[in-house]
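All remarks here apply to the structure that follows.
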C-alpha cells in the first residue's frame, strides 16, 4: 500500500495566486521539481498540510517566464535558483537570486542538454 | 632524525564526497580507532597540518579551495586521497560536475581505496603518509628544495624532453 | 534539572577501565563474515561474458572477450558487489580483505597468462 | 564600516565536516547577517540516471549520502517499484524498516557527537561515536558495509537477517539503550550544555511552517508530523507517534532527536516481533514507465523522491529533495541575531547533510 | 642576588620539561577519560620538535617578533615568580605577555585569528580582576607582595584565602584554556574560531607559542602552590599534592563541560571574583 | 618672582597680541617664539627650583591686583551673561551671578586678613605642574599652528576664527600658571574661573549647535564647581580666617571646606556625575581637547585635589573623593570599551585616568598621593601625545574612528609609531598605570578600603581591554596596502616627536623622577618620611622590562635571521581571493573581508552604563556632602 497524492495541472499565470491561497490555508512548500521534456519543462510544485500532499504541475515552454513564489514562500528561493541554474528555467523576481552561482558549475544548465 | 614521524597532524577536507568517507575519517579519531595514539591531531587548520586527508572528487567549485588549502600547508606535506571518489571520481566520475580525482589539482601521495574507505585503511594510509613525510623532510634538508617542487620540475622537464 | 559536570560518572568510568581502542595496525583488522572487501574472481569459472563489466556502476572492471582478459582497477571499485550478484557463472565473490592504500592504483589482470604473474605479485605485495 | 566584521565561515572549517559556506556579518560576535552558499559538493548525480541502468542506479542513489545512504537506496527502489507497480515481499519491507531505523540511530548518534564537538565538548563527542560504532558493527554484520550497505535492489533486498542475528541485535540494543540513556542525559541535563542549547536559534511553529522545515527541526517547533505515518516500507504496520517538543530552540531539537533514538529502538523491536518469514526479493519485470513521488522520513526529516521513467532501462528523471535542502532557509532565519559561537550549533541543529543537499 | 639568578635559571631550564610533560600527561589522562589509548606522554615534545623542523609560513614578519615577545615575557614572568619577586609585578608582566600574543595574532589581518585575539582579550579582561585580587589577598594574608615573603608565612595563605583560592581555580580554567573557557584557542575539540589566536601561526612560530604555554602553565600551577606553602617544610609536599589535584580537576572539568559563550564567561568570572574573592577580602579586612 | 610674574603675565600679553594678528606667518612666529620663551623660562625656573629645593613665598601688597581681579571677574560675568542671554541659557546666568557676587561681596567686606598671607608661592608641586603646563601646553600651541591650518582646509563649513583660538590657548596657559602659583584662594578662584570660561569658549569654537550646547554644558558644570569653590572660600574666611592654600593645608579641621573644594576639583577634573562636559569638549578642534585633557583644565582639578590630599585622610571628604574617583575609573573605562571614535575613547580614558588620580588623592595618604602625582605627569604627556596623533591621523585620513586606523602601521608608519608610543605610555610601559595601581592598591588595602581595591582591580582589566584592542588595530598588517604620503605639518611633527621622546625618556628616568622629585614632595606634603613604595629591585626589574620591549625587535631579527620563511596569505576557509583582503562570497563574487574590534555595546554601551553611573555617583556625592555638612553641625 502506498501513500496517495494528487497531481493538479496549473497554468503558470495562476501560480502565485495559488501559492498565496495555499499559504493562507497553512500549507507548506515541500518541493519544486523540474523535469526537462521535449517542448520545455514540467515543473511540479508540491505543497503539504499535515499528511495531505498536493502537487501542482506546470507544463511550460522553454521561453516562458515563471514568476518566483519566493515572495510567498521564502524557502522557494533555493529551489528556484536551482532550477534556474541547472535547467535554465526562466524564473523572475527571486528574492535571493544567486544569479547562476548557487552551484558554481563549469557547464551551464547541464539538464537542459 | 625522525622529527615528523611521531606527530603527523592532519587536516581533513571534504571535496565532493558523499560523506561516507568523511565519517570514516572522523571515526578514525574516535576511541575505537584513536589515531591520536600515533600523535595525529585533526587540526582543521592548513597552517598547522602535515597531512591533507581529502575525500571525494574535485568539482568546479571546490577546485580552488582544495588548491588553496594545499598551498597554505607548510612543507613538508603529504596528501592522502581517501576513497574511490578521491581517486578518480568514483561512482560519480560521469557526473557533469566532477572533474575527476584529487590529483586533477594537487599532487596526491597516497590513495586509500574503499567506498567507503574503512578506518583501518585510513590508518594504513596515514602510516604510509608519515613515512613519506620523513622522506620529504630529508629530501628538503639535503637538497634545499621541497620534494614536491623538485618532482614538479622534473615532470615538467620530462615533458619538455618528450615534446 | 541542569547540573554541572553531569558527565563525570562516565568519564571516571572510562578513566579506570580499559580503553576500547583497537590494536590495529599491530593487531588484526576487524571484519565480519559479510564484509565487502575486494572482488575476487575464480577465473576458471569466468566465461568473459562482460556482464560484470557492463553492470559495474563504477566501471572498474574491464573484460576483453577476445583476449580473454578480466581486469579490475582495485582503486576504482566501490565494493558494491553488483558484479558478484549479476555474474551468472558465480565466478566472482567478495573477499573480506580490502585493498591496501598505495601511491598508485593496483590494476589486477586475470586471464592472460603473460601478465598475470607480475600483476598478481603487485597485488599480493599490497595485501601483505 | 561601523563595528561590523565581515568574515567567511567555511567552506573549509574544522567544525564543519562538510563544506558549506556562510558570509557572516558580525557585530562583536552577534551575527547580523548570514548568507549560505552551497555547491561545494555538487556532483550532479541525478543526471546520471540517464546513463545508468535503473537497476544499477541504486548504487548511485545510496551514495547521495553516506550517512543516510540506506534510505536513499531504499527510497529510490520504492519509487521505481511504485512506477513499475511491483509489490515487494513483506519480509523485505520489514528488513528495510529495521535498517532504516538502525540508520536513524546511527545518524542521530553521529549528529549528537558532532553537536558535542561543535559546542566544544570533546569527550561527549567521543562517547557518542563510540556508541555508534556498535551500530556500525551490526550494519557490517548484516549487510557487509559499515556505512554504505548496498543491500537494496529494485524488487526487494539483497541480504536477509536470520532470526538469530535479529535476536542478537535486539539483545545488543537492550544493552546499548542503557548507555545511551546515560549519555543523552548529559545533553539534556548538563549545565554548560544547556547554556549552549537553550533559547538558541528559536524557530516558532509559525516560522517553521512558513519556512517549510521538516523532520526533527519541525517537530521541535511543535509541529507533529512524521512521514513514517505514511505508508512505505513496513511502517503501515508499525506504531509511530511523532516526537514533538514545543520550544523550537536547539535544546528542543536535541531533545527530539534523542527521543527518536529510543523510538527507533522501539520500532526495531516491533518490527522484529512482527517480521514474517518468506522471500526477500521478487524479480521486477519490465521497464519503468511513468512517474512517482515517494516520501520517506529520513533521519533529518521528510525526503521526497521523484522518479520518471520512459519505458527504457534509463530513467528520464530522478530527483530527491532532501530534508537539509528544505531546512537551509531556516538556518538563515535562526542565525540572525545569534552569536558567532552559536553558528556551528545552529548549522548543526538543522543536522545538515550537504552531500544530500547538493547531490 | 646569586640565588635569584639561580632560581631563575632553574625555572628557565626545568619549566619546559615539566610543562611539556604535564601537557603530555594531560593528553593521556584526557584520552583515557574518553576511553581511548591516547598518545604517549611525551607527545607534546614530539609535536614541538616537529613544529620546529617545519617550514614557517608567515603572513608578516611583525608577527614573529610579537610571538617572541610573548615567549620572552612569559618566561620573564615565570622567572620573576620563581625568583620570589613581587607578585604584582609578576601579574603585570604576565599581562604584558598576553598582550603580545594578542597583538601577534591580530597583526595578521586574518579573520579567525583576529576574532580569537578579541576573545583572548575578553578572557584577559575577565580573569584580570581575580588575579589582582589574589595578589591583594596574599598581601593581606601575609603582609607582603613579595613572593619570597609570602612563602615564608607562618600560616599558609589558603587559611585566610579560601574564597580567593576558589576564585583563582575558577580563572585558572580560563588561563589554561580548558573547557568551558577554551574560547580563544582550541586545543582539541573543534572551534568556531578554527584555531583562534594561533590560526596563522605555523612551524616554529607555533612551537614558540606551545613552549610559552608550558612555561605559563608551570607558573600558574606555581601560584596554586603559593597558596599552600608556608615556612614549614611539609607544606611543600602538601602544595605538590594540591597542585596535582588541581591539575587533575582541571582535566576533569575540561572533559565534562561544553564550551560556554564569552558573555557567560565574563559574567560568571566577574561574579565569582566579586562574590568569592570580594567577600573573602572583605572578611579578611574585618578580622585583621 | 619675576619668573613667576613672567609666566603668568606673558601668556596674557601674547594672547592679546595674537588676538590682533590676522596674518598666518606673523602668528606662527609669535606662537613659536613665545612658546620657546615660556618653556625656557619655566624650565629654568622649575629646574632651578627643584635643584635648589627652593620653596618661595611672596608677600605682596596686592591691592591693585585684587582690584584688577575684581574687574576681571566682573568682566567674565558680563561675558557669561551676554552669551548666555544670546543662547537663552538662563540657568548659567544664575550660577554665575551667584558666585561672582558671593566672591566680590566677600572680597570687599569679609576679607579681613588681607595683608598677612602669602599670595604667590612655589614649591615642588608647583614646579612640577609648571613644567607640565609649559612643556606640554606650549607644544600643543605649536602643534595647533599646523593643525588648525589643515583643519580649516578640511572643514570649510566653519568660520576661520584662528586669532581667537590662539588667544584663548594662551589665556588658558596664563590662567593655568596663575592657578598653580596662587596661594591665595581667591586668586586661585579667579584663575579657576578663567579656565572655565576659556574652555567654554574653546569648546564653542565651531559655533555649531552641538558645539554651543556642549560648551554650555561645560560652563554650567564648571560654574557649579566654582560655586562650591566660592562657598568654600567664604566659609573658610568667615569661620576659620583662612584665605590661602597653605593655611588650609596646615589647619586640620575644615571638613566642610575641604569637601566643597574637593567638589570643585571633581567637577573640573570631570569626575563622574560631571563627566559630561569633557566628553562634549570633543567637538572642538583637537588641540583644544589635547589642552583640556592633558596639561590644563582637568589637571587643575586634580592639582587641587592632590593639594588637599593630606586633609582627606580617612574622613568623609576623602571617602567621597576616592569613591567617586574609583568609581569613575571603573565606569568610564567600561564605557570606553564600547567606543570606536578615537577622541571619545581618549576622552573616556582621560576621565578614567583622572579617576584613578582622584582616587589616589582621596586616599589621603602619602603613597597614594605619590602615585597620583606620578600618574598626573605621565598622563599629561601621553594623553597630549595621543590627542595630537589622533588629530594628525584625522587630518590625513579624514576619520578619527579607530576602525579606520586598521593597519595604520602600513599606511602611515610614522604616525602609527607615535601613536603606539602614546598608547604604551598610557598603560603598557611599566610606569604609567602600573605604579599608581600598585601604590593605590597597597594603600587602600592598608586603609581597609576594599571597595576601592575592587574598583581598581576591575577597572584595570577594562582599561587594558580598550587600549589593547586599539593597539592591535594599529598594527594589523594587511597585504599590499600602500604607504600613503604623509602630509602632516612640520609644527605638528615637532610637537609629536618631542612628546614621543618625552614619553620614552620619562619612562626611562622614572626612578629619578620618583626619587628626586615626587618623593621629597610627598614627604613635604605629609610631613613624614614615606615608606619605600617600589623597592629598588622592582624598579630595576621594571627598567629591564622596558628595555626588553625596546630591544625586542632587533633581537628577534637577529634570532630569526636563519628561519626559512614563506609568505603566505591568511586563512579564510580556503576561499580567499588572492591576497588577504577578500574572499569569494556566497554569490560567487569577491567580497572584502573586514575585521572590526569588539565593542560589546550590549554590555558596556554608553546607554547602558552612563546614566546609571550618573545617578550612582550623584547619589554618592549628595549623600556624602550631606553627611559632611550635617556632621559638622
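As written, the chain order gives the labels A, B, C, D, E and F, with residue 1 at the start of each chain.
Just so it is clear, a residue touches a chain if its C-beta (ideal position, glycine included) is under 8 Å from a C-beta of that chain, and two chains touch if they have at least 3 such contacts.
Listed by chain with UniProt protein names: A = NADH-quinone oxidoreductase subunit C; B = NADH-quinone oxidoreductase subunit NuoB; D = NADH-quinone oxidoreductase subunit D; E = NADH-quinone oxidoreductase subunit H; F = NADH-quinone oxidoreductase subunit L.
Since this is a predicted model, take the numbers as computed values, not measurements.
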Set of chains whose contacts include both chain C and chain A: B, D
Which chain is in the middle, if each chain's centre is the mean of its C-alpha atoms? E
Chain centres computed over CA atoms; the one at greatest distance from chain B is chain F
Which pairing of chains accounts for the highest number of C-beta contacts? E-F
Looking at C-alpha means, what's the farthest chain from chain D? F
Where chain A and chain E are represented by their mean Cα positions, the distance between them in whole Å: 58
Measuring centre to centre with CA averages, how many angstrom lie between chain D and chain E? 43
Expressed in whole Å, how far the mean CA point of chain C lies from that of chain E is 50
Could you grab the centroid distance between chain C and chain F? Build each centroid from C-alpha atoms only and quote it in angstrom. 78
In chain A, residues with contacts to at least two other chains: 98, 101, 103-105, 110
At least two other chains touched by the same residue of chain B: list those residues. 13, 30-32, 34, 37, 42-47, 59, 61, 65, 69, 72, 74-75, 90-91, 96-97, 115, 118
By the touch definition above, chain D meets two or more other chains at residues 5, 7-9, 11-15, 28-29, 35, 37, 39, 42, 44, 47, 59-60, 63, 121, 123-127, 130, 145, 148, 190-193
Can you list every touching chain pair? A-B, A-D, A-F, B-C, B-D, B-E, B-F, C-D, C-E, D-E, D-F, E-F
Touching residues on chain B, where the partner in the complex is chain E: 3-4, 6-7, 9, 30-31, 34, 36-39, 41-45, 47-48, 50, 72, 74-76, 137, 146
Within the complex, chain E is touched by chain F residues 407, 409, 428, 430, 434, 437-438, 441-442, 445, 448, 450, 453-454, 456-458, 460-462, 464-465, 468-469, 471-473, 475-479, 535, 537-538, 541-542, 545, 548-549, 552-553, 555-557, 559-560, 563-572, 580-581, 593, 595, 597-598, 603
Contacts from chain B onto chain F in the complex sit at residues 13, 45-47, 64-66, 68-69, 71-72, 74-75
Quick one: which bits of chain C touch chain B in the complex? Just the residue numbers, please. 19-22, 24-25, 29-30, 57-59, 74-80, 98-105
The chain F residues in contact with chain D across the complex are 340, 403, 572-576, 583-588, 591-602
